[in-house]
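Please find the structures below.
What follows is chain A paired twice: with chain B in the first complex and chain C in the second.
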Partner chain A sequence: MGRKLLLEHINVPGINTLAVYREKGGYRAVEKALKTLTPDDVVEEVKKSGLRGRGGAGFPTGMKWSFLAKPEGVPRYLVCNGDESEPGTFKDRYLMTHIPHALIEGMIVSSYALGANTSYIYVRGEMMPQIRILERAIEEAKAAGWLGKNILGTGYDLELYVQPGGGAYICGEETALLESLEGKRGNPRIKPPFPAIAGLYGCPTVVNNVESIAAVVPIVNDGGDEYAKIGIGRSTGTKLISASGNLVKPGVYEIELGIPVEEFIYSDEYCGGIANGKRLKATVAGGSSVPILPANLTLKYANGEPRLMSYESLSEGGFATGTMLGSGGFIAFDEDQCIVRNTWNFSRFYHHESCGQCSPCREGTGWMEKILHKIEHGHGTMEDIDLLWDVQRKIEGNTICPLGDAAAWPVASAIRHFRDEFEWHVKEPMKSQSTNYGLANYANPIEKKPEEVKES
Partner chain B sequence: MSDLVKVTIDGITVEVEPGTTILNAARQIGGDIVPPAMCYYSKLKGSGGKCRTCIVKVSKGSEKDPRPMPKLVASCRTTVMDGMEVLNITSPEVLEARAGVVEILLINHPLDCPVCDQAGECDLQNLGYEHGLQKTRYEFERRTFDRIDIGDKIQLHMNRCILCYRCVFTADQITDKRVHGILNRGDHSEISTYIQAAVDNDFSGNVIDVCPVGALTDKTFRFKNRVWFTKPVDAHRNCSHEKCNGKVTLWYKGDDVLRVTARKDQFGEVEEFICNECRFDRKKTSDWTLEHPTHISDTSVISSNHYETFKPLPVIKENLALQEANQRELEKTFKI
Partner chain C sequence: MLKVEETQPVEFSSALLAKFDEIVKRYPEGKQKSALLPLLHLVQAEYGWTSVPAMDKVAEFLKIQPIEVYEVASFYTMYFLQPKGKYVLEVCRTGPCCLVGAEKIMNHIEQKLGVKEGEVTADGLFSWRGVECLAACGFGPVLQIGPEYTFYENLTEQSVDQLIDDLKNKDLRQ
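Let's turn to the complex of A and B:
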């Protein structure tokens, strides 16, 4: 059994209440941090732990915190990004629904470390139940003296607010989130300045994912060094993975970073293999934005070594043969799934969610969706596949925020690895409407060089 | 006064104030290396970064940190560092990406230039000529919007809009109250007013001038003439509006003033914003003190039928100063 840090007590009845949470050792981190540590000590512990942002980019949290500007007389803010809307990712919702106090405890410790006296939890607008759960939990914590003025008699004040989001994927981008939190249209800002210098209301701000903030609790409890012992290389600690798709046991799993992908998919402790006795065709390892990989490259590198669940290992091979850990939205596709249809579905999502601020993303995502729709429905031509490749290349890297990249990568990787299937849709338009391309050779062991894989 | 920083754009070095953007540094050099800008407007705070036509490659970050920037950057929002080296028209990568942006801007554009009042002075048209393809690769139905009437003076053609947000910034910063903005998101975003309220403000007409395309046009000039048949003359009047100084460009056809706009600099930006009275209600030569013919860049289609001819306009015939200016311009043309 892997170690559980965040979900250790998830199955305890009533863990969503303060009393039970406290009984299970909750709010120890607040006591420890506020009474025995200075804010800089907490930042130091987080730095030592090697915790990397759990929202997708994987930027070291401790380093992000140390970038925070600290001018005199200007308030600083901590904002928790609970706008989880990536297709395939649902770990934050799970955490907020079942152990809201873990997040609140993390918020108190993190706010203390950053010197913030007002902090916000920005929760996706569609998650109304979670917003109510969090608000109730904040009430409880406040009544018990964990929030408000002079917490634990240490003289530290903190007010915590929950803000329902605008119901847009783009508001999960940190600067769009800040705009939305300020009550404006959720358009991403142009960086620099980064939020660490000028964020919410122009003040220095740190925006962290729900899971990153919750992970600060075990780091403070056990010490950063202890946390860093879990995991592998620069991927330390545990990570929540939202497993979905054609799996025997889909759901949210806490894994120690560094377990083999094969173990994660097939072991009974985790997903338990592919449902209905079918074979794995492809996976999206970290939420819809990351490149899709065929089964053979999911389980092993191009050179035949096993691939592990960690930031480095999943991105081994770059975009040619690798992917990213992203936000941990693990989607598995069995042999009956159509990659073209799936890519179209993702594109439809990005088209719908583009904010419309900068041109390549606004117009390009719609264009990609239309081409994919055409290919999927049997009207495509070979030129369309090349055109699609060209359009995604024009979007990638040319936009204000990463949504453009996120829209381009799934399309690029699908063409890169599954070009055969796209071409089959073009060549067999009638057949493609009623049958599937099937597994083909996507699960065959890799023998060739990565460049040749896409053409094979 | 702080020290100047050195920046090299396409091999040309210029010294600028720290904090200057790459685009403005390039404008100080001038010429072909100036990146095109559809959404950036130097007079409007916060504008820029959206259209992505001004993207450039930074091949050397600065003297201290010579690493190149990993992505192409929007030159209008990236500030220069000492020793920075920038590639614009000398980088095939930039030109390709810019062509891509232009293509993407045009896929949903109606391309109704033959009936568009902006034709001839349209940034998108210029970009299309420079970077566009002969034939579109977009084969789907174009997105369309209904035409919206926003007040009695301004016509909004949302189909032509490229969502540069300039008019939104103008209304925020120049007029007293903004009543229009962006609705919806993604490629359904549109400029609109709150339940079709009329844009009615002393300075609202300026949104026409800042619009880079034909999305916002002057109703009093609508379908009157093509801009390249009209002849621009700078003029001024004693405007009673406190924020307007009455310096304008009059666009003549024969004896008639067809429209009045603010004066624009070489980058197509308004020099000083003008009030609606000057713009819409003063269309007689007697209202104005004429100064001189407006200088129009040789590359503009408007100059192809300019006033610098042997057959001067009736208005020039009566004014000695204008006659002299015309003579001078003519001599210059002959020299070339």
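Let's turn to the complex of A and C:
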């Protein structure tokens, strides 16, 4: 059994209440931080822990915190990003539903470290039940003196509020989230200035994912060095993985970073294998934005070594043969799934969610959706596949925010690894409407490193 | 749930305005526009949709221009700019849910209710639509129903039938 830092008490009845959460050692981190550590000490522990942003980008949290500007007389803000909308990702919902106080405790300690006296938890509007749960938890914590004025008699004040979104994937991008929190459309801002300099209301702001903030609690309790001992290399600590798709046991799992992908998919401790006795065809390892990989490259590198669940190992091989850990949204496709149909589905998603500011993304995502719709429905040509490649390439890197890249990568990787399935749709338009391409050779052992796909 | 025509002026109840006041307190002086999204959710919960007169009233309350409200309400997918059924079944249509049968569920709902996506049933009770990822991929197919956004997971055709029948009965009792 791997160590659990966030979900250790998930099955304890009443863990969503302050009383039970306290019994299980909750709010120790607040006592320790506020009474025995300076804000800089807390930042230092988080730096030592090697914690990397759990929302998808994987940027070191401690470093992000250390960039926060601290001009005299200007308020600073901590904003928690609970706009979880990346297809395949549902860990934050799980955490907020079952252990809301883990997030509240993390918010108090983190706000203290950053010198924020007002903090917001931005939760996507569709999660109204979770918003209610968090609001209740905040009330409980406030009544018990963990929030409000002069917390634990230390002179530190903190007000914590939950802000609902309005239904927009783009608001998971931190500057779009800040715009939304200011009551505007969720259009990402041009950076610089980064939020650490000019964020919410133009003030220095840190935006962190729900899971990152919850992870600050065990880091403060046990020390950053202890946290860093878990995991592998620069992928320290534990990570919540949201497992979905054709698995025996989909759900949220806390893993120690570095376990083999094969173990995660097939062991009974985690997903328990592919549902209905089918075989694995492909996976998307870190949420819909990361490259899709065929089964063989999911389990092993191109050189045959086993692939691990870590930031570095999942990206081994670059975009030619690797993918990314992203937000930990692990989607498994069985042999009956159609890669073209799924790619079309994802492209429709990005087209729907593009904010419309940048032409390459606004127009390009629409083109991709249309071309993929055409191929999927048996009207595609070989030129369409090349056009699709061309369009995705012209979106990537040409937009204000990463949504453009996120829209391009799934298309690029689907063509890179599953081109024969796309071509089959073109060559067998009738057949492709009634049957699937199947597993094909996507699970075959890799004998030699595939040649890198030429990009022109 | 009160229905209002677009031309009909709207007066917010004092209970609703009290909630508005409570929310505005969350933000610093002069930043009351931050309350816009939460306020629109409250308006929609009260009236079933966000009409132009209601948005104008929200603008007045927040001391901002009406256009600032319209542009926000039209950007975010959760705000209905037209009247909908009393119960709007919002089914996740994104990748992971489709791997486990979301498309079948949507077809079934369309047949069961006898209306196309976005339309309202003759009795005014139901609408349905496909929405993008609801962050519940491990429990798919899923749907949600506002204004409380109650979640229904691991849907089957039978469980959807049951749900729709339950909502109909619940409405008869009211």
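Simple rule for what comes next: the second predicted complex is superposed on the first by the 451 of 456 C-alpha atoms of A that agree within 3 Å, B and C clash if a C-alpha of one lies under 4 Å from a C-alpha of the other, contacts with A are read in each partner's own complex, and residues count from 1 in each chain.
Going forward, contacts are C-beta pairs under 8 Å (C-beta built on N, C-alpha and C of every residue); 3 or more make two chains touch, one makes a residue touch a chain.
Here the structure is a predicted model, which means the values were calculated and not measured.
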Touching partner for A:N345 - first (chain B), second (chain C), both, neither: second
Partner chain(s) touched by A:P129 [first = chain B, second = chain C, both, neither]: second
Partner chain(s) touched by A:Y161 [first = chain B, second = chain C, both, neither]: second
Which superposed partner A:E353 touches (first chain B, second chain C, both, neither): both
Partner chain in contact with A:N16 - chain B first, chain C second, else both or neither: neither
Partner chain in contact with A:I400 - chain B first, chain C second, else both or neither: first
Contacts of A:G364 with chain B and chain C, given as first, second, both or neither: first
Superposition-derived comparison: chain B or chain C, residues of chain A touched: C
First, second, both or neither for A:I190, with chain B first and chain C second: first
Contacts of A:S432 with chain B and chain C, given as first, second, both or neither: neither
Shared chain A contacts, counted only where both chain B and chain C touch the same residue: 168, 185, 352-353, 355
Partner chain A, residues of chain C touching it in the complex: 26, 28, 31, 33-38, 40-41, 62, 64, 68, 71-72, 75-79, 93-96, 98-100, 131-140, 144, 146-151
Sites on chain A touched by chain B in the complex: 168, 170, 185, 190, 351-360, 362-367, 370, 387, 390-391, 393-395, 397-400
In the complex with chain C, residue positions of chain A that touch it: 75, 84-90, 92-93, 118, 120, 124-129, 159, 161, 163-169, 180-186, 201, 242-246, 250-252, 284, 288, 329, 331, 333, 337, 341-342, 345-346, 349, 352-353, 355
In the complex with chain A, residue positions of chain B that touch it: 48-53, 55, 71-72, 74, 77, 97, 100-101, 103-105, 107-108, 137-138, 140, 143, 162-163, 165, 181-182, 184-189
